[in-house]
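Below is one structure. I have some questions about it.
Note that the chains take the letters A, B, C, D, E and F in the order they are written out, and that residue 1 is the start of every chain.
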Amino acid sequence: MLLLSLIAGPFIASLVAALLPTDARNRESWLAGIVALSGLLVTSYLYTQLGADGVVQREFDWLPAFGLNLVLRMDGLAWLFAMLIQGIGLLVVIYARYYMSPKDPVPRFFSFLLAFMGSMLGVVLSGNLIQLVVFWELTSVTSFLLIGYWHHRADARRGARMAFTVTASGGLCLLIGVLLLGHMVGSYSLDVVLASGDVIREHDLYLPMLVLVALGALTKSAQFPFHFWLPHAMAAPTPVSAFLHSATMVKAGVFLLMRLWPALSGTPEWTWIIMGAGVCTMLIGAFTAIFQHDLKGLLAYSTISHLGLITVLLGIGTPLALVAAVFHTFNHATFKASLFMAAGIIDHETGTRDMRHLRGLYASLPYTATLAIVASAAMAGVPLLNGFISKEMFFAEALAVGSARNWGMSIAAVLMGIFGVAYSLRFIYVFFGRQPDDLPRQPHEPPRWMRFPVEFLVLCCLVVGIIPGLSIGPFLSAAVTSVLGEAVPYYSLAVWHGFNLPLAMSLLALAGGVALYAWLRARYGLIQSTYVPFLGRFNGKQAYENTMLRLSASASLLEKLLGTRRLQPQLLLMIVLLLAVPTLIVRPVSLLALPANGEFSWLFAGLWVIGAVCALGAAWQAKYHRLAALSLVGGVGITVSLAFLWLSAPDLALTQLMVETITTVLILLGLRWLPPRITPRELNITPSRRARLRRARDMVVAVCAGLAMALVSYVALLRGPSTGGISDFFLTRALSEGGGSNVVNVLLVDFRSIDTLGEIAVLAIVALTVYALLRRFRPAPESLPIPAQQTNSVDPAAGQTPIQQVEIGYLKVPSVYLRLLLPIMGVIAAYFFIRGHNLPGGGFVAGLTFSVAIIVQYMLAGTQWVESHLRLQPHRWIAFGLWIACVTGMGAWLLGYPFLTSHTAHYTLPVLGEIHLPSAFVFDLGVFGVVVGATLLILTALAHQSVRSHRLPATTAAPVAAHKEIF
Amino acid sequence: MTPELDTLPVWVSLPVALLLLLGSTIVLIGALGLVKLPHFFQRIHGPAITITLGTGAILVASMIYFSALQSRLVIHEVLITAFIMLTAPVVAMLIMRTAVYRDLRARERGKAPPTDQNGKVGEVYPFSTKKSFSTKK
Amino acid sequence: MEAVIAIAMGIMFGAGVWLLLRPRTFQVITGLLLVSYAVNLFIFIMGRLTLNRPPLTLAEGTIDPALYADPMPQALVLTAIVIGFATTALYLVVMIGARGLTGTDHVDGKETH
Amino acid sequence: MLSLAIDITLLSVILAMLLCMIRLLLGPTAQDRVLALDTLWMCAMLLALALGLRFASVIYFEAAMLIALTGFVSTVALTKFLMRGEVIE
Amino acid sequence: MTRWLPSPVLSAALLVMWLLLSQSIAPAQILLGAAIALSAPLLARSLRPLAPAPFRKPWVLARLLFMSMVEIVRSCFNVSRIILFKSKGVESQFIRIPLDLKDPYGLALLSCLINSTPGTVWVEQLPGSNDLALHVFDLHDEQWWIDTIKTRYEQPLIEIFDHE
Amino acid sequence: MPLSWVQHLILAPILVPLIVGAGLVLINERHHQRKFLINLAATLSMLCTAVALLLLTDQEHWPAGIGVYLSANWAAPFGVVLLVDRLTAVMLLLSSMLASASLIFAMTRWSRIGVHFHSLFQFLMMGINGAFLTNDLFNLFVFFEVMLAASYGLVLHGYNTTRIRAGMQYIVVNLLASFFFLIGVALIYATAGTLNMTDLAGRLEGLNPEDLVLLKIGVVILALAFLTKSAMWPLGFWLPTTYSAASPPVAAMMVLMTKIGVYVLIRLWLLLFSEGPAAGFGFDLLLVGGLATLAFGTIGILASQEPGRMAGYAAVISSGTLLAAVGYGEPALINVALFYMISSTIAVAAFLLLIELVERIRVPGAAMLALTMEAFGLEDKPGEPVGKAIPGALAFLGLAFACCALIITGLPPLSGFIAKFGLFHTLLDTSSVGAGIDLITWIMIALVVLSGLAGIISLMRFGVRTFWAAQNPAAPHLQRSEVMPITALLLVCVLLTAQAGPTLAYLERSAEPLRQPALYLDRLEASQTVDGSLTEAAL
């Protein structure tokens, strides 16, 4: 539970902090401070609980499916890191209380900081690699928020994005690496993984896994070539930098390498990758640091360099090197945190961090200066300070790597030492000389408690530097033991080891560093130099921005190349896939062995010549002669209806015929709103070559599609009737159990009545949609005027209203017929409806016929007249039709039957004889209602547009249409 | 082919066959007129024979045929006749009037309609310049 | 007969596809109509071709399914016809709506050159 | 004899439809197409009747009747459109 | 009477139509047919503003119809002959025929007879007059057409419909 | 034996929206408050039904947790069978959850910019639920059409130029896909003689080779229809365009609709091709298509600058991942895929709702409102928003955006991570412990990782620009009805994370039967019609 509280505490506190008011600076600090302090106390207590195996562990169920549990596990290494995180966290909180401006909305700051602390603790306390990755990514997220805290500044935004992009990508790699690890050993549990080092190192997947894990660690620890994000992360408030970039975030990477050291290290691959990256980083970082002008920039590069040093140690792979790495991690955290805070004080007090302007600060900040100088000395590896001891150990290991033959590593180590001394000198130089007058602010010593964290850390540097064995010794030992187990080597934490090669190297580094600094100042003009020699060309910021831009640009290009926003290519692709995919993956070659031809009928062929030619004609005319195309499509429709009739489907023929009629009227209603297309010949345009090519391509596709369709249907047709299919059931049961002899209708209203229910729902939906769409219909300007046919001086009926045409105009005689047809069509609709269950007909045909009857009246007398004489309310027809169908279906429930179960009521009446009233009949009535309602709603909604546009004010609708007659 | 077709007595099958032949000939001639005649105002008269005599003959044939086949009076084909009587005139009137005013409008726009080339037009609608409207009256 | 209807359907489908690939909304609606005919016929003939055997089980006594056309595809086509009609109507309205708002009858709602 | 006559009827009707189709295709004027389409409807009605004769079945009658009753509607719509520029005013 | 049976003739015709359709004269069908035949005109009444057609002088009507039928058959053959054999020199003309018939039903019937007769198409009643514009397929004698229509067709129709 | 009332619960998700949708037509648009409340009540009742079905199936109220409803009392495979199992129940729950959220979001503004919103919404639910429930291929077509028709209406709801352009594309593509659907169904019927999916699986054994080839063609064409709807590359270009054009609540519902294609594919493919004569058929198509989709989605999200298209490509990525996961052909992958589907669907939907609120930061709220009024309110004037700015509105937006981004990109700690981890784990787990990993697994893992990375880059770019770079972003006017649904959806994701164990266990129980046609065949055979025809029973 205590372990859990370590992680939960900061997260809960983070939530609380977020909810505090903006001006609660003190409450926030107290909250954060108490959390860190109590965490420290808990952690200290837990040190005593590390049992014989040196581990405290606690498990919670999480994802048993993947063998994944939440495991909180503390051992020596984790303990050391937890102490660092919380200790420095506490100091940073205290520091931040004074650093942050009272105007800053601190709840956000402390909330993020606490969440970050929780994530970091989660990383070090994970006993499960997946869980570690979770917290790992959380540190990326929270650090993103912290770095971008001053998000009104572009550099903060850029820094945050850069840090997040790099570390989160690394995290993704780490995730895969960890998954591979888990795959190799069959568990994500840290214990299991650490115990399976041999299995892992000999596995085929070792190298890819190692690369992925290394990518995770190296990005996080800002190792070459991913180091560029760290300097830009300096845009964060200094407390954040002190926390993230000394003790925590960047240390997560090296922590991971330490954590997995027993399982992964000890192979040439490990050494090459880890040590290689470390060496490069160490040298580049240290060298670049010398040429920085920003205090924090210098510290950032020095951090990079020191992390490189730790990485090198880990890469070396010997137990002693590991000891040195752990030790230096601690040391670096202490002196670097104090230096960041000191830099923060300087920035805070003078208003600048530019070393080109900062001079002689010792005068006004003597106390801070002393602390900073001591910390810098630790960083430079001056004896009696903690940096010295771990650097010494580093030199010893460097010597061991190359043995007698190869001095490369040792030279690199000394170079790094030299550079380190040089940039440390560069840093402390700000305290010497004469203080300039043009500082933005006159500096004063900061408040007592703002200095306290620095003091404390510098004290640590001194204590560890002077009495390492007594101070850090036991803890270091515990940490190292938890990694190395039995294999802990002998090491001595003494300050003095006698005169040996490492000491010589230390001295060389100190002397060389001073010399280099002096030379650079004197000869090179270091103070004002604007670029870094050799490495200056590489600009991380620019590279990142360029990469992002290029990524986005090439993605845009690829999106255009691989995708489209236009409709035609999409349809083309669909058709091509329709043809290609079945051909490729089914390989239907066996089908081409066609059996003998079926029977042939010249008459039927003749009928289809009409259909086919009309279809081709429609395709030919559709662009410029819409009416011709429409008529030709009508021809196809007639042929199709007749074919249905010919091939024993009278119901289909009837329905298709009615749909044909209504579709024609419908499209004509719409055609009114499509302005004319003028043929290219009339416009004297010849189609371009590209257009012709496009047409040729489409033609090929269309021909192939037609061929494929013909072939598949031919093959399917010749395969003979399907046997054992379900249709026999319908034929034999329709009359006896379905109560109707028209099997198609029984299918529609009984066997598959739920289809029909859905189908009328579709009709209803479309009708409502059409109605809704047309309510906000805006005609094209060319379609707005009254048609030329109604405005000319030739036609006497031109100016007549519809009803005038009927009463006194040319429609007088036709109206007699058309009005007589209304009741007749009504009766025919009733006829089709009533007989539908037994003979061709049914609710659909009846509904369509009825609608046609009404539509004829609309065509004759116009919308206004019809609607003033007849209140149709198609909405109600639709709603009640649907309800009737549903309620009929639900009626069966009352008797314990499923929805839509039909029944037939039989009555025997005098004179009339036997009467059968199937419930399906009532269902069909619902169908009828919806069909009538939907058809009429669609058609009348379209028709209303004419009325609407005629009502438009004269300015928008010119009374005389000057345009060309449409057809 | 349905077997009972050949069992029909000759006094039924002969008139049916003759009526069918007449009807189909007329239908064909009507359609031929639609294609062959040179301009619209003539073409419209072609289908008229299809609708009247062509359809009529086939309908009567159908009536006789089914009455004989089912040994009862089957005369529901009368309904088709009735419906055609109610719809064909409307269609003829409307198509004709459409054609007339389309031509007149085209003429108004200064675009000679195809009908004009023939010259065989009446004087009710002034398509022709040969005879004036008033002299005829 | 099988060959005839297969070829005819192929032609209708091909013509429809050609129109679907055209840029003008009216061409597309014409294409939709043609493809819809072809597809309806396709469903229909998947019950195989039968002459003069409509699925009307008017006869008394036991029913021999072999004497009737397959009713199932017919029922499916009936549903498909109605749904097809509905979607045609919808497309039509969208077509004229798009013409009004975008000022072009190009399927993309803007002219592409 | 009778079946031959029926076949001839079917053939003539289909030929007539073919002729209508030619006019439908060629136009040249819109009214020509409307007329051709209307005639095509009438021929379709006759074809339905003739199929009834051919298969000696009355179930083809309803289709013919329906065409006779409603086949004119699309023609009226087309003429109305040509004459008035609108189908429903 | 008119309230519940707006057009008795139509209802009767619809009943006959129903019985023809159902091909049965079973009592149930008659009852159902009657119900439908009575309700259809009733429901359609609001869209049929004209008073129902008078039904007078059936003999005159029968004679007219018979005579037209003969004329139709005759014209059919004429037109067929022209289509087949006389493709050139057909005198297609519009002519104007002054009419006295006023009743819409009468005019409708007249138009039906004229349009059913091949070779003639009723175009419209010319605006501002009661004149009929007629198109004749092969016109030889315009006056003959005017006389024929006025005496053989219009006269009986006036008798039937325009009898005040 | 009469049917128990519990049995009718299977039908409720179809019937309730139909009846309510029809009823809403009758209520005048003036009473939008009443319409909304009725709609909400119906949607919530569906939520309850879904929960009930979830419990019923999981507690094996029906044998094997498969409930069968023989519509119209006809035995399978003759009648249309509705079938509910755990997976169906989960999908129903997901759909009703999203529907409730979208509906509440639409309450104040979006439901009023056109007419019949509420009816169309209910009909959409009917189609979606029907597609989940039906076990019949043609019935599936019908419900797809119901769903699509309603979605056409809703996509164009209150249309403007952008919306109608996108709508045209969406409609035409889907119409063509519907034709594919019909062709596929027809071919299947022609060869197998049945339309019932389960029955079809049972009949594969008895087919001769040529018929099997034809059947496969049919299934592939059918698959193309579903793949179009689930936006597989290169069939899914309509998706980003449509998502970014549709109104937010509708777009949120469309996220679900994209998943229905995948749902059907999972069901159909596992049923037909897990075993039997065509075992393993077509999985490659799904795998390769899925990977291509994933790659394209990755490119697209990187290229996108506007949030609507980002959300669209996020949906494409999620579709691609799902398809690839199904096509990988590994049983254990299915439940993870389902988890992923649920999580990503909710997140993308929440993101689409959120976008509209976020957009308000960019333009001052009032101007935005005025713009909306101008663009939409020509006839149907929406009521003035009554709410006031909620304190911390900006914080809410930022937090919600971050949550959505985390889930969409699969970063810890929310459900997106668990889904991705599960996916990777299972992918690696398919080869036995310690064995090597084949190329396709590498590719898939790489693509999923890259898609996440692309999402990070793109969403971060947008987030930073919107929340950080904007000078003094105005506190937007948010209404409770807008904040609540987003919060609820994100809370569901949090719940999914916390309860990942039980959820995955449930999904495993859901996925397991999918590849056992025998189980479903047994259930269908065992499902008796209610004895005696009603004809005799009644009256």
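One rule holds in what follows: a residue touches a chain if its C-beta (ideal position, glycine included) is under 8 Å from a C-beta of that chain, and two chains touch if they have at least 3 such contacts.
Which protein is which chain? UniProt says A = Monovalent cation/H+ antiporter subunit A; B = Monovalent cation/H(+) antiporter subunit G; C = Na+/H+ antiporter subunit C; D = K+/H+ antiporter subunit F; E = Na+/H+ antiporter subunit E; F = Monovalent cation/H+ antiporter subunit D.
Since the model is a prediction, treat every value here as computed from it, not as a measurement.
Participant: Looking at the contacts, which chains touch chain E and chain F alike?
Facilitator: A
Participant: Under the touch criterion given at the top, what is the topological distance in steps from chain B to chain C?
Facilitator: 2
Participant: Measuring between mean CA coordinates, which chain is farthest from chain A?
Facilitator: Between chain A and every other chain, the largest centroid distance is to E.
Participant: Counting C-beta pairs in contact, which comes out ahead: C-D or A-E?
Facilitator: A-E
Participant: Hey, how far is the Cα centre of chain A from the one of chain F, in Å?
Facilitator: Whole-Å distance between the two chain centres: 17.
Participant: What is the distance, in whole Å, between the centres of chain C and chain F, each centre taken as the mean of its C-alpha atoms?
Facilitator: Each chain's C-alpha centroid was found; their separation is 28 Å.
Participant: Between chain A and chain B, what is the gap in Å from one C-alpha centre to the other?
Facilitator: 68
Participant: For chain F, which residues are shared contacts with two or more other chains?
Facilitator: In chain F, the residues touching two or more other chains are 138, 142, 145, 149, 152, 156, 159, 168-169, 172, 176, 187, 189-190, 195.
Participant: Quick check on chain A: which residues sit in contact with 2+ other chains?
Facilitator: 565, 567, 571, 575, 646, 650, 671, 716, 722, 725-727, 730, 751-752, 755, 759, 762, 765-766, 769, 773, 788-789, 795, 797, 810, 813, 817-818, 820-821, 824, 828, 839-840, 942, 965, in rising order.
Participant: Can you list the chain B residues in contact with two or more other chains?
Facilitator: Touching at least two other chains: 2, 30, 32, 44, 46, 51, 74, 76, 79, 83, 87-90, 93-94, 97, 101.
Participant: Between which chains does touch occur?
Facilitator: Result for touching pairs of chains: A-B, A-C, A-D, A-E, A-F, B-D, B-E, C-D, C-F.
Participant: Write out the stretch or stretches of chain D touching chain B in their complex.
Facilitator: Touching chain B from chain D are residues 1-6, 8-9, 11-13, 15-17, 19-20, 22-23, 28-32, 34-36, 38-39, 42-43, 45-46, 49-50, 52-56, 58, 61, 64-65, 68-69, 71-72, 75-76, 79-80, 82-83.
Participant: How about chain E: which of its residues touch chain A in the complex?
Facilitator: Interface residues on the chain E side: 10, 14, 17-18, 21-22, 26-28, 31-32, 36-37, 40-41, 43-44, 46-50, 104-105, 107-108, 111-112, 122, 124-125, 127-128.
Participant: Report the residues of chain B in contact with chain D in the complex, numbered from low to high.
Facilitator: Those in contact with chain D are residues 1-2, 4-6, 8, 13-14, 16-18, 20-21, 23-25, 27-28, 30-32, 34-35, 40, 43-44, 46-47, 50-51, 54-55, 58-59, 61-62, 65-66, 69-70, 74, 76-77, 79-80, 83-84, 87-88, 90-91, 94-95, 97-99, 101-102, 113-114.
Participant: Where on chain A is chain F touching in the complex?
Facilitator: 61-66, 68, 130, 133-138, 141, 148, 151-152, 154, 157, 160-161, 164-165, 168-169, 171-173, 175-176, 179-180, 182-186, 199, 203-205, 548, 551-552, 555-556, 558-559, 562-565, 567, 569-571, 573-575, 577-578, 581-582, 585-586, 588, 590-591, 712, 715-716, 719, 722-727, 729-730, 733, 737, 739, 750-755, 757-759, 761-762, 764-766, 768-769, 771-773, 775-776, 875-876, 878-880, 882-883, 886, 889-890, 892-893, 895-906, 919
Participant: Show which residues of chain C lie in contact with chain A when the two form their complex.
Facilitator: So the residues of chain C touching chain A come out as 1-27, 29-31, 33-34, 37-38, 40-42, 44-58, 62-63, 65, 68-72, 74-75, 77-79, 81-90, 92-97, 99-101, 103, 105, 107-108, 112.
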